[in-house]
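Can you keep this structure in mind? I'll have questions shortly.
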């Protein structure tokens, strides 16, 4: 507040680095944390190889998609507690339609499933916008609706995802060090980067950042929020399909555990739960971190109950470091 | 809009609890339609009995939501308190109860430190603390497998006994607690400050309030209330296992929001939450008695919550 | 492409199983994968595996992957157990079919995989299960007989969509098909949680639904409690071999409680490990699929009553199973189980 | 995308915009009863009215943020009804608000993209507003408010609007930047385009505007030409019957006070503030005059315990104090009235809770509240400040002036010795403004000390006994209020050598 407009202009040039550090610092730090964890893992387990790397990418794939879905919604200033059930819905829809079909047919099915669950996500958004009920309540309620629908589609876990489809995620076609699951993850940047640069994507940030200013800037608030939920639905569908591919089965309870893990992942990935701030790249790294930690505990042979404690403490510490700045600045 | 209509709208807005009670009555009516004769004194007594633990759990949640936060560790805390109480009870009932409650306060304090001092988002702080509590409880349970977790008679009686045939004993705990909270929120300094902190933390700072003290005390209070809820729940079902209250986490949030407390903080009442807890308990009852497939029940449960919240939001904010 | 794949597998093979040969030949590493935490039955199962590992004397280390997760998470856990050099992996599968490819990967490396509690469809795995279809079938059959083939019953299931729940329901339906005059008048899902079961029971009481018997999927003593706190006369109740339910069957008989506990022993985990170790040591050749048929302990017969009275253990958690071993597979003592300590 | 504004039919200079009979209800509340507004092509037209007169509602209807319940709007001869702000933008009608509507978390460039603003014209206007070389990758979150206002203005100008609305944009601008805004407005007029100018500062209106439409209680009550001595008429129209009352209170500068020392500031340093020393006495109102960002914010923040000084001492009651938290300052009797009233108020809570907040602020006061005592104290304060409490429920439903009064009333209840008023009348109508200054003087007369910063230099004489001028973080001048007319203050505030000194001594 201390500078006048006039004084500000010439000082700009020297501030670029500091600004970049502020703006992307968290993302860089998350990747650094991932790197440190990877190095630690390799020290703990010197024979860490392609198999283990493949394990990690497979485990991180659905979580990364779930976290991407949550990121979209949170950026727009909402929260989606129905990410898990949406994944389950995509998962069972895929099984019902792919059962006994070949790869090409199944890919067609996948597209339709993506569309259907994107629409379900859009419906989440539409209900929120039309009823003006807070996001957390609507998605809490719709989480039951999607879970019920999934059960209607498929009453019990059933195998039958075609092997060719499973191979899209399992295995590594290019090189043992480039698992297919890693290639599938490219869907995230392929959707994210164009969206981030488009006016529609800016509008999603805008509604999450400051609704009043967004409105005055001519942003259609309702539409932008629905869009955010739709893209969230799309990513959730990707997550559900990823589960289909990694497990080969359809299960009405698939995805249940990803709702809250996705919230941990996005916070760790630097997305502000208040909306409007953060990106998806850090979130992907966070999904890898959260998938790596249980593996490290197994490699170390740590009692899993301690593992759960340690994971909770780790999250607390990381988010507290974020808050530490505030504490120090105040004193 | 006619003056009379305006007055009616005003009246309803100022007494939003009336809308909620009307919704509650409507749901009870639905049960009576599904199964004539089902709504009787016994039923009312059951509803109160099962709403009590949820209502107390949602009490802590209400306090936190009023300050603009959310506590996702309430259910873990309730479970931990109940389990520790039950497993320590063989060494003394009082000891069990005190230790159980202490666990609640301790976890609440840690949440409070994270939120108030380190400015961590409440959602992530309490989510992570939930993991810590559950992990610790599992470790404890393995260490404690040699002692038998048993719910002492006094807790069992508090959770599920009735007096005069129909009045649940837990009501004698819940009702005074509710009265204390309703009055306390409205007319104690602490209550005022909860609203103030939830409305505008910066403004309370300028008014000379040390916000961290308020938040810290609040999360501790929430932890305490969660622990109480856990003990009551253990009494209601006469057992304490390692996932006792987990099923009440989402309902505790739903009860608060259906009860008209703004998820963004700064407004709300515990009386609304009480009715919200009753509504959810009645809704469970509706679904038990309804003869449709479980999948349809889940869809109905979700749909009814959206409709309730939407109707409520519409009536109360006509702008 | 194929060459790359082969190369990949070669790499994996080198990297994957470091401690298979050499100095640790006589001592084995055991991996355990479980996907539900905070559940007494599962905790007891894990304790039985630890106890059996210690009792066997040939296990140097037990690595446990235990978190609440789904099939995808379990796949990752099993792969990590493979990486950790496990020689035997005991899994409680979260899905019958989803784990097949990872199990195949493990058995291809010479790891013995034993699925306990619930079956998997991968043929290279050993399956040592409590037969859940039989669990539903036997309990329902007992109840129908008890009611003289006529009457209304309430079916209190577990979690909708979980394999064990589906299997038990299937068994129950098959059993009741033989009794056309037995009607399921109410079906509820307890989510295997105490609180919903309790409320459902009380709601059913106050609604005036007429019923003559109750089949539960394991939340049993909570149901008995509701009869007591509501002062309702008991009807026949089918539950599991949970400690408190066993006690109630034994002690409340004179107050009119008739019922049956259908066994579902958690030490199936220990039994699975015993099978796995025997296979590894080639000391005994087991069938790939071993179904334990549940027993029905009926408090109205002399045998059943004696069994109930004998197995109740006042030093055990109310919702823990009273079964502490699965003969002839397990070799540990009850104290070993309660100590819940692995080797080392 | 935005249509080229030249597409809109060329207007005859008689009427670019004609709005007549506009009505708007919010539930039971009537915001506009019958508003008319006629703006010619090529004129700067002021829209005047007290807080709550309906100006904001009218602006929102014109720009498509709200839809009127009744009435017609014609723009360039065509009947229009905008449903979104972007429709209005496309028709060449755009508004710049007091609080800038740039999104804090998008870069400036992204903000431009969001609104489909042509970059080249934007850059041209940046130059005209004195922001050449501005880095478009900056995030608004990192910028000072005046800069944001100018950026917002440049963004609006970049679409070459036919009609530009400036909604109190000068309220948070320092004098030098206000001049730039004026120049741009005059330039638009010269090009045959029109500006609707909203401000509470009469001087600005008479300096800039051709005509003024005055609203009162949601109705248009007159159209005045301010330049021809119309100021008095505007005030009368705005205030209605209350006008005479206010006029009677017309203020005169007060003589310097000689009470005991309330606060002594020694060599205070913080941020821009650089080594400031002064004394504030009981019984006086000490004015602070400064352009934007000369250290006044830091000064007030340090005194109120909001931030810690880097060096120097604050001596209260003969003791040097360290304020770690506003609570420490409050205990020493120093309380702050911030410029942004919403910064200090609990918007969703009642007037009563807002005023009673200091009563429960300390840990020792967390217990039960004595409702009768509280009510008595609150009512006394409400009465003294003449707070309009017709809408009792929530503070956010009060008008800006009444909100500010609530902020002050809080300290009448809470108790204080030194009042730190930081631009307390920003965006408040004349009637309330005078009331607030009257109250400030009264408080001083009753023995309190008041430190008052206002961004409206002409008003310093209204309230103060003595004025000090900050420039570049230093105290550059100090004078009795009697001598602190606008010219003298402006000169000092710009750091120019004061010829006034010579005259004063003469």
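Side notes on the structure shown:
Should a chain be cited, it is by its letter among A, B, C and D, assigned in written order, with residues numbered from 1 in that chain.
Assume a residue touches a chain if its C-beta (ideal position, glycine included) is under 8 Å from a C-beta of that chain, and two chains touch if they have at least 3 such contacts.
Owing to the predicted nature of the structure, the values given are computational and were not obtained by experimental measurement.
Counting steps between touching chains, the shortest path from chain A to chain C takes 1. The most distant chain from chain C, with centres taken as the mean of CA atoms, is D. Computed from the mean C-alpha positions, the centre of chain C lies at a distance of 71 Å from the centre of chain D. Here the CA centre of chain B is 44 Å from the CA centre of chain D.
For the pair chain B and chain C, the distance between mean C-alpha positions equals 33 Å.
Within chain B, contacts with two or more other chains are made by residues 134, 138, 142, 262, 294-295, 298.
Not a single residue in chain D touches at least two other chains.
Counting partners per residue, chain A has 151, 155, 303, 305, 307-308 as the residues that reach two or more other chains.
A list of each chain pair in contact follows: A-B, A-C, A-D, B-C, B-D.
The touching residues of chain A, when paired with chain C in their complex, are 45, 47-52, 54-56, 58-59, 62, 150-151, 155-159, 166, 170-176, 242-243, 246-249, 251-257, 291, 294-295, 298-299, 301, 303-305, 307-308.
On the side of chain C, the complex with chain B involves touching residues 37-40, 43, 47, 160, 186-189, 191, 193-200, 202-209, 221-222, 225, 229-230, 244, 314-319, 338, 340. Residues of chain B that touch chain A in their complex: 70, 72, 114, 117-121, 123-125, 127-136, 138-139, 142, 250, 253-254, 257-258, 262-264, 293-303, 305-306, 309-310, 313-314, 317. Partner chain B is touched in their complex by these residues of chain A: 81, 127, 131-134, 136-138, 140-145, 147-149, 151-152, 155, 260, 263-264, 267, 272-274, 303, 305-313, 315-316, 319-320, 322-324, 326-327. Chain C meets chain A in the complex at residues 1, 4-5, 7-8, 11-12, 14-16, 18, 37, 61, 63-73, 75-77, 79-84, 95-101, 121, 159-163, 166.
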